[in-house]
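Only one structure is covered here, and it is reproduced in the block below.
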Amino acid sequence: MRLGRGALTVALGTLALAAVPPLAAVLAEPFYLDLFTRILIFAIAALSLDLILGYGGMVSFGHAAYLGIGAYSVGILSHYGITDGPLHFAVAVAASALAALAIGAVSLRTSGVYFIMITLAFSQMIYFLGVSLNVYGGDDGMNIVAHSEFGSALDLDNASILYYLVLALLLLFFFVGRRLVASRFGMVIRGVKSNERRMHAIGFPTFRYRLAAFVISGVMCGVAGALLANLTLFVSPSIMHWTRSGEVLMMVIFGGMGSLFGPVLGAVAYLVLEHLLSGFTSHWQAILGPILVLVVLFAKRGIFGIFAGSEEAGRG
Amino acid sequence: MQPLLVLEQGLNGVQFGVMLFLMAAGLTLVFGIMNLINLAHGSLYMIGAYVCAYVFQASGSFVLGIGSALAAAVLVGIVIEVVVFRALYTREHLDQVLATFGLILFFDEMVRIIWGPTALYASVPEFLSGQVEILPGAPFPSYRLAIIVVGLVVALLLYLLVAKTRLGMLIRAGASNRVIVGALGVNVTLLYTFVFALGAALAAFSGLMAGPIFTVESGMGENVLILAFVVIVIGGIGSIRGAFVASLLVGIVDTMGRAFLRPLLATVMAPAAADNAGPALASMLIYILMATVLFFRPQGLFPSRVS
Amino acid sequence: MAEALLAIEGLVKRFGGLTATDQVSLEVPAGELHAVIGPNGAGKTTLIAQLAGELMPDGGAIRFAGENVTRLPTYKRVRRGLARSFQITSVFREFTTLDNVALAVQAQAGHSFRFWRPARAEAALREPARAILEQVGLGARADVPAAILAHGEKRALEIALALAGRPRLLMLDEPMAGMGPEDSARMVRFLSTLRGKLTILLIEHDMDAVFALADRITVLVYGRAIATGTPQAIRSNAEVRQAYLGEETAP
């Protein structure tokens, strides 16, 4: 019954999202296609964070770094005239995996508030690295000449095709994530969140599993970054600014962590809210800020928790 | 490389270090005692810089600028402590991070609403605008020297407060056992508010001194905040002494790296390559320092006895 | 004579000026139920933490099954058959009782870099876990979240988690802590079923339980092992009576 309801929600959600490009075309509002592509890309980023935050208890405040690394992989290769799509994404995956491995290897030796500060600090390091790379535009960033090329069947110059690619990857990561958290590996990650000392006492070397989860999450987020570069055809250090990490974290909380579905809702809610508020006043952050405070204080279970009202979301 | 230049940059590093210390001290006190991680600490720094620059400009009195900046930051600090943080002390760190992240967005925007989107000009007071000859042939801006002196005095006062006074004893006891402090008949709520106000004043002080050196603009607090985190991580959470040592370390390493890494690299590689690698490496230097310290001492240089 | 399963030689642990473990030597032969008793602050829990690998000793050696394990990390000791339970219940509160034990079974079933198959559908994990729950009397509570178990049930789950790793030596840190007389009696009955099948190092405050169960007893006072012997020998040991048992056992 629960599975039925969950599967139905996902199916309906997918259908609704799949209808966005034709609707945008009918309404002659290409902007909405752009907005929703952006939303789904951030949904991937939020989902990747939920994997380690909601299930592994790792509060990474530096996930924007992987967005940036993914985006710069596309940007830098294009800068040298390399537009091969599979290569773009392979490099994005490899680079974000490598960065997550290095950052995780240091930060996962600590826990709690140290972990938060260290992931934040390392993402700031990557940000400043981007700022100092004058070859690639430094602070101003650089334009990307062309989309990643996947041949004529998957022409990303077509905004709808890019959108469907993003949607397909989101669904893929969602299902992979569901399998992952229910697998032996997932049980270990959740066990660590619940009680790491006991995990040691029953014989788990927890570090390697946490590190693996951290890398998987970083890679998913890196792919989101590569997609973002394809959407905006522009990369600059601002996409890995630390406030971006805070936003992704906020999307997870908005939607409800520890569900993988919640972060998708959270990304929609956060970016739509941002869109509406910014249409209302240019000082929208003065309104958004207090809303965030209120959400944290009073609605911690997130949208998913409110709707599901079930054990699943509350487990965060 | 001339020794005088190294001396000058070293002093710049110390000056940067004491400013970082004033930020980090408040953060680490609040964390050590209330177990609260406060991202909005950078906002108090920003408020200090804005109010001082504005009042100084309007009134012509630097002292009045300092006074009103401290008063404003303490007032704002007390308000957010009472309204938001009291509900957060018992929450997990994730909640604290997110709620204070919301506060940052709010304050950054409020500053833009009040003072406009462009940076505010903060001037150095007349009597500190000159140079002092620290060594024959080595002039150094009096304002920066004043920051070093004032910063060290504040650090000393803070040390005396925490180590020698009854209040300091309560603060230290509060860090190790809040139940006992409560049982002693001390009003813990008031103690927390006081510690928070103290941290706010220190942050504002750091910010108002930074005004004429860096740009006074919305979001200026965040870069310093993250550097203060690096300081705390290196020094050990909750340790004032650790924060002091780490602040100077970070200040000096960062300043020296930016000044000398490029010319240093140019001696071993092509100048063009050094032009690229130098700044990139310099910007990463303190984070590499942090990673190195953590690798050998995951609890920082001066681990707090209470964990 | 073959070496004892667990052999501790001259173990030392200091916390600042305090010597919590002071030259403790101790041997537990296979099959023995060995109790460690001592007044509060005698260093019993510190001793277990060192045996389990959570604390590193400052001196001395721990040998298990003929191997020096003094510097091994916790998980490697568990793999060699040295398991523990905690004095303060430490279970996975968010998981069901069965999930708790299945995870402990999983810990000993090779690496866990298995990403695809749902762990809850794996008979290889669930069946042994169910068997252990039956063994400790929690069979009927398999699908209940651990957080809502009664205290006595949580204590039983605590033991089940340690048993799931099929240990050769089981270290129990005050298994009866906080239990009423009824639960305590049940626990004593359960522990007596393990006798002979398993080597047990038991730390316990409940003297009746200790004297009913133990083959041999070691008395720890201020970090030092002042006596080791059979229950009768310990009862009649003058030093022990004076240091510790005096008030509690004198009729």
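Order as written gives the chain letters A, B and C; numbering starts at 1 within each chain.
Methods note: a residue touches a chain if its C-beta (ideal position, glycine included) is under 8 Å from a C-beta of that chain, and two chains touch if they have at least 3 such contacts.
On a predicted model such as this, the values are computed, not experimentally measured, just so you know.
Remark: the per-chain Cα centre closest to the mean position of all protein Cα atoms belongs to A.
Centroid analysis (C-alpha atoms only) places B farthest from chain C. In this assembly, the C-alpha centroid of chain A lies 31 Å from the C-alpha centroid of chain B.
Centre to centre, using the average C-alpha position, chain A and chain C are separated by 44 Å.
If each chain is reduced to the centroid of its CA atoms, chain B and chain C end up 48 Å from each other.
Looking at the complex, you find that chain A touches chain C at residues 179-180, 182-188, 190-191, 194-195, 197-205, 209, 212, 315.
Residues of chain C that touch chain A in their complex: 52, 54, 73-75, 78-79, 83-84, 86, 90-95, 99, 102-104, 106-108, 112-120, 122, 125, 161-162, 164-165. Listing the residues of chain B that touch chain A in their complex gives 31, 37, 84, 87-88, 93-95, 97-99, 101-110, 112-113, 222, 226, 229-230, 232-233, 237, 276, 279-280, 282-284, 287, 290-291, 294-295, 298. Those residues of chain A that touch chain B in the complex are listed here as 53, 59, 61, 106-107, 109-110, 112-114, 116-118, 120-122, 124-125, 128-129, 131-135, 242-243, 246, 249-250, 253, 283-286, 288-293, 296-297, 300.
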